[in-house]
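Once you scroll down, you'll see the structures, which are given as structure tokens.
Shared between the two complexes below is subunit A, which has subunit B as its partner in the first and subunit C in the second.
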Partner chain A sequence: MADRCTETATRPHGDRDSRMGADRAVGLGSPAEPRWRSAARPRAGTPRGRAAGRARSRLVAGAGLLVALAVAAVLVPWLGGLDERLVDYTAVRLPPSVAHPFGTDAQGRDLLLRGFAGLQVSLLVAAACAVVSTLLGALFGAASGVLGGWPDRLLMRVVDTVNAVPHLLLGIVIVALYRGSVLAVIASIALTHWTGVARIVRSEVLSLRERTFVDAAISGGASRWRVLRRHLLPAIVPQAALSTVLLLPHAVWHETALSFLGLGLPPHLASIGNILGEGRAAVLLGSWWIVTFPALLLVASALAVAGIAAWWRDRALPRRRSELGL
Partner chain B sequence: MTDTLVVDGLSVRFRLGARGRAGTVRAVTNASFTLRPGRLLALVGESGCGKSVLAAAITGLLPANAEVAGGVELDGRDLLDAPESVLRAVRGSRVGLVPQSAATHLTPVRRVGSQLVETVRALRPTDPDPRATVHRLAGDVGLPAEMLDRYPHELSGGTAQRVGLAAALAGDPPVLLADEPTAGLDRLLVDRSVDLLAGMADRGHAVLLITHDLRAARRVATDVAVMYASRIVEIGPAEQVFSDPWHPYTAGLLGALPDRGFTPVPGHPPELTALPAGCGFGLRRPDLHTCVPDPVLVWSGVRAVACEPVKAS
Partner chain C sequence: MTPRTREIGLLVARRLVFAVPVLAVVAAGVFLLAAASPFDPVYQYYGVDVFTATEADLAATRERLGLDDGVFEQLGRWLSGVLSGDLGTSRAFRQPVAQVVAERLPWTLLLVSAGLAVAVGLALVAGTIAAWRQGGLFDRTVTAAGHAMEGIPPFVLALVAIAVFALGLAWLPVAGLTDAGAALSLGQVARHLVLPALVLGVSQTPWLVLHIRGSLLGALGEDHVTGARARGLSERTVVLRHALPTALLPFVTLLGTRIPELVTGAVLVETVFSWPGIAEAVVTAALAVDFPMLAALSVLATAAVLVGSLLADVAVAIADPRVVADG
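Coming up: the complex of A and B.
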């Protein structure tokens, strides 16, 4: 940065001179004006370059993409006025064209409509899974960290037990108990993915409760509940929120995997996983578009969420925020 | 001019919020001084006047939202804008930093001795016996050899301070920066710590002692620089500055010493987010001082003062 400041207090220091503006100021100001440059140096953990600008572009790109996808997921099926379940055997496996921008699948269903209808279902399932598993995990982790002793050991062994069973297998068991329905899929993903959040929140609580500000709160007469509510939880919220956001794309993948195996959502309900699962055979017949476009929707939504998560991570902690100049 | 650290018009500011929208903290304004081998320069001033930021700027350890202006040179080589590869060769082997709270600067999971051996290995690759060097360093700083087998949390404040000093000396750097090395120590340990630094200066090191402990500064300093509200307002040989202060702030600080009346300087220094035009002391003691708009250090012989008329030294 080539900002300049006069030594007088009359001019605010928050000026934003460009390099050109600074050159112009040479004739106007005193010759003693300092040439400011950033003292930022690459260090472990500190991103290089203009962190603030990159964080903003991450947010704008991520949020823009996600809003566009969400709006499209709502509007395309509605505006199209068509049924994504409409089977048309005269238009089977058509490549992308004006009438069908994403092409059609093996039953002649329009993939644009079906892709966005699927995205809508997938995102809703994913959001529900992320919220449920984060709440469950945060509750478990905070209780474990705050209580300590044998309750902590007991709760953590429960986490270990859940983790010991492969996620997909446990998910399949839950789905199999309730047959293929949206609620069963949500439950199967949420009940297998809260353990990570629980471990993160517990370790944060364990690390934070040894800090001197907790000692200060206790010596100031705060109860254990108050320490948790006013001092520990506010410091954990950024981490918990971050894991919620990161669970979103993961839950989409998981739902996709279940549907791909034929164990997820019922086949008539479009979801990204259903489409990919049904389209995989057609790829061998040369119909690349059946998996390509729905998969791109999945990747785009995951990237958008990851962009927002990265912005949030830089933003959430006051200290890091000021270091990055956000 | 070998092993001479030249700080020339160094300014540091922190911009708060995006592009400084939430304000700018001017931590150091136009600081200039020269640190020569064999001298111990004490940088004194109240808490929050920018002393530690000055040391961080010299070693390139400022946080990422800081901005610098001016220059820092060691043997004619620039340090302020030098890339990290150059600073890596400078830190430890050319400029040693004695940390403020030594106990927190040590890795908590390893024994003190092994950390010192590692430091010696990194800074003296050709040393045939790093372990012997560590024992010699421990002897130099008055660290009992059995302390080397302890973990950092098992050390007292004074012992940890000596470990920090030993680590700073591991690469035998000609320039030593000691940032408040006496914080939290009692009188006896303060004296021992600063005497060690004075001993380093006697052996030809250039030592910068940053402290708000005037008594310690008076005990060992050969030169003294007084900082007030981000500026150096007076600099010169210690005995002259302490016996005949030119700036009223220096006089005020000396008046706070127990043997000189024990009267603290009334009022508070200005906020660094809204610095006045001058050195700022005029706002605090209008009866003693009138600020000039853009104060610079005016030299008279070996002494300099800002914002005040110089006298013949």
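Coming up: the complex of A and C.
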């Protein structure tokens, strides 16, 4: 009885191994029908083209929304011809109306102007953060991949250590110690988000340096520096650019969270996080519009960027999704 | 002791040994950041009284707090304090740091575990149904909602929840641990816990749902599932007993790696709901540049992250004999 049990328990594995062997043999000659069902393939009967169409419409929708928001962020404060910092105590917490389409906040500032000015600030700060952290990560990853050996192991341990601290917490500590400057916010976000890029660039460099064109360059007498500059760095540019775009919504998110907590951008700058943070008390008084419209702007821009980034990611690197850990 | 138990024991030991330098480096990093900061802790210590204090007083206080010593001297003093159980005194709370942590940590653990339970429960149910009926209306709704939710920060969710459920419908209290002036009781805390825990849970759900859906779709295509179908087992048994357990293994690992996001979510949710937990203390300490508190909390949060990933790895190693425990 005991023998039978062990036999039935072990058989599936044995069967599986032998079948895999058989498949491999078949696979050499004719392309066998794959035994797995692709997770990406829609259910039977759905044409594959529809998935591609969806991806394209996501791109169009995302790009359209982003362009519209960016144009509005530039044009609304300019066309309005008004100051988003203008305080008017005769018009405090007015609900949306023709004069103030998004209403006014607790200081009587117009939320339409303030929201779009804030969006402009948030997007600029996020773009700076994304670029800085990508550069930092690319530098770190390239150094790690090129040097190899113990410097590589040391640098990767640094990456592990930075990753072990929750990002927002490390950001809060940095901002707390260097309060009230835009630079501190950018630094706090950039210093916590370069690790994903560093990992990707390192693995890319590790695989690139085994390729024949690098061997050819080295046997042609190129120095290590020249190989890095002419052959390796240009090849990681697409990766780095993709990482920048993927980091963008995350950086907006992060900046907004810091400002919301009162630790981010200085209060006179109208960032979305500052508006939401100031609007928290107003929500309790029933002024829902103070939070609603800026939050909608924030979510719309995040979704727009995410749509573009997802399309680009699926197109360029279908397997890279998990590595940035976003 | 079976070889497998020993292997897992070794994994735990190795991770604990690795955790010591990581925590030390984090502490050193925080001290270096503080040393390079333009902020002078004496101002924080005195508050507005700094303008009336004499130079001699300030110098004496500096001497007493050891602010003029080098970074590494201060770090060494702090570390030896930590090893003897003294985390220093929080300047924002005017209490020993250890006492603040001891008072607030249980509330955070309560909130985070309730939030995690909500997130895992929602994700399991929604993810399984979505993968089961792939391409159906429910699947498309869940996937779209999941992607959309990734763009909504937890504090926006929290404000919406307050506006709708606390102010609009008046079902639940707005914030705090108990009603103003009410004594601490189970019913009070439970009522006040619902909204923050739901917000924290829902804000963590999108990644989990999409992950479960993806890995269950992968599992449904595996051999043993095809085998179960071929043996004529009911669809319910096939999905719940054969495919789901395989799909859950990577999910456990994912849960372990999401501790940082949980901490981040807790910071935001506790602040909005004035929940008297440790994450809210982070913000209070940061606003007051309370360095002893910030240093202790950074190390504590890092330890939580390391413990979370260790627990996840141990759980996977116990559940799945194929996993080699050498990480």
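For the reader, a short list of remarks on this structure follows.
The rule we apply is simple: the second predicted complex is superposed on the first by the 224 of 326 C-alpha atoms of A that agree within 3 Å, B and C clash if a C-alpha of one lies under 4 Å from a C-alpha of the other, contacts with A are read in each partner's own complex, and residues count from 1 in each chain.
Rule of thumb we're sticking to: a residue touches a chain if its C-beta (ideal position, glycine included) is under 8 Å from a C-beta of that chain, and two chains touch if they have at least 3 such contacts.
Values in this document were obtained by computation on a predicted structure and should not be read as measured data.
In the superposition on chain A, contact of A:D160 is made with subunit C only, not with subunit B. If you count the residues of subunit A touched by subunit B and by subunit C, you find the higher number for C.
After overlaying the two complexes on the shared chain, residue contacts for A:L263 are found with subunit C alone; subunit B is out of touch. Looking at subunit A, you'll find residues 16, 35-39, 42, 46, 325 touch subunit B in one structure and subunit C in the other. Partner subunit C is touched in their complex by these residues of subunit A: 12, 16, 35-39, 42-43, 46, 160-161, 164-170, 172-179, 249, 253, 256-257, 260-263, 276, 279-280, 283-284, 286, 288, 291, 295, 298-299, 302-303, 306, 310, 325. Interface residues of subunit A, counted against subunit B in their complex, comprise 1, 3, 5, 7-9, 13-14, 16, 30, 32, 34-42, 46, 51-52, 322-326.
Across the interface of their complex, subunit A is touched by residues 22, 25-26, 30, 33-34, 37-39, 134-135, 147-148, 150-153, 155-156, 159-160, 162-163, 167, 174, 214, 217-218, 220-224, 226-227, 257, 259-261, 263-264, 267-268, 271-272, 282-283, 285-287, 289, 291, 294, 297-298, 301-302, 305-306 of subunit C. Those residues of subunit B whose C-beta lies close enough to touch subunit A in the complex are 9, 11-13, 15-21, 23-24, 26, 29-30, 57, 60, 62-70, 81, 84, 87, 274-277, 293-294, 296.
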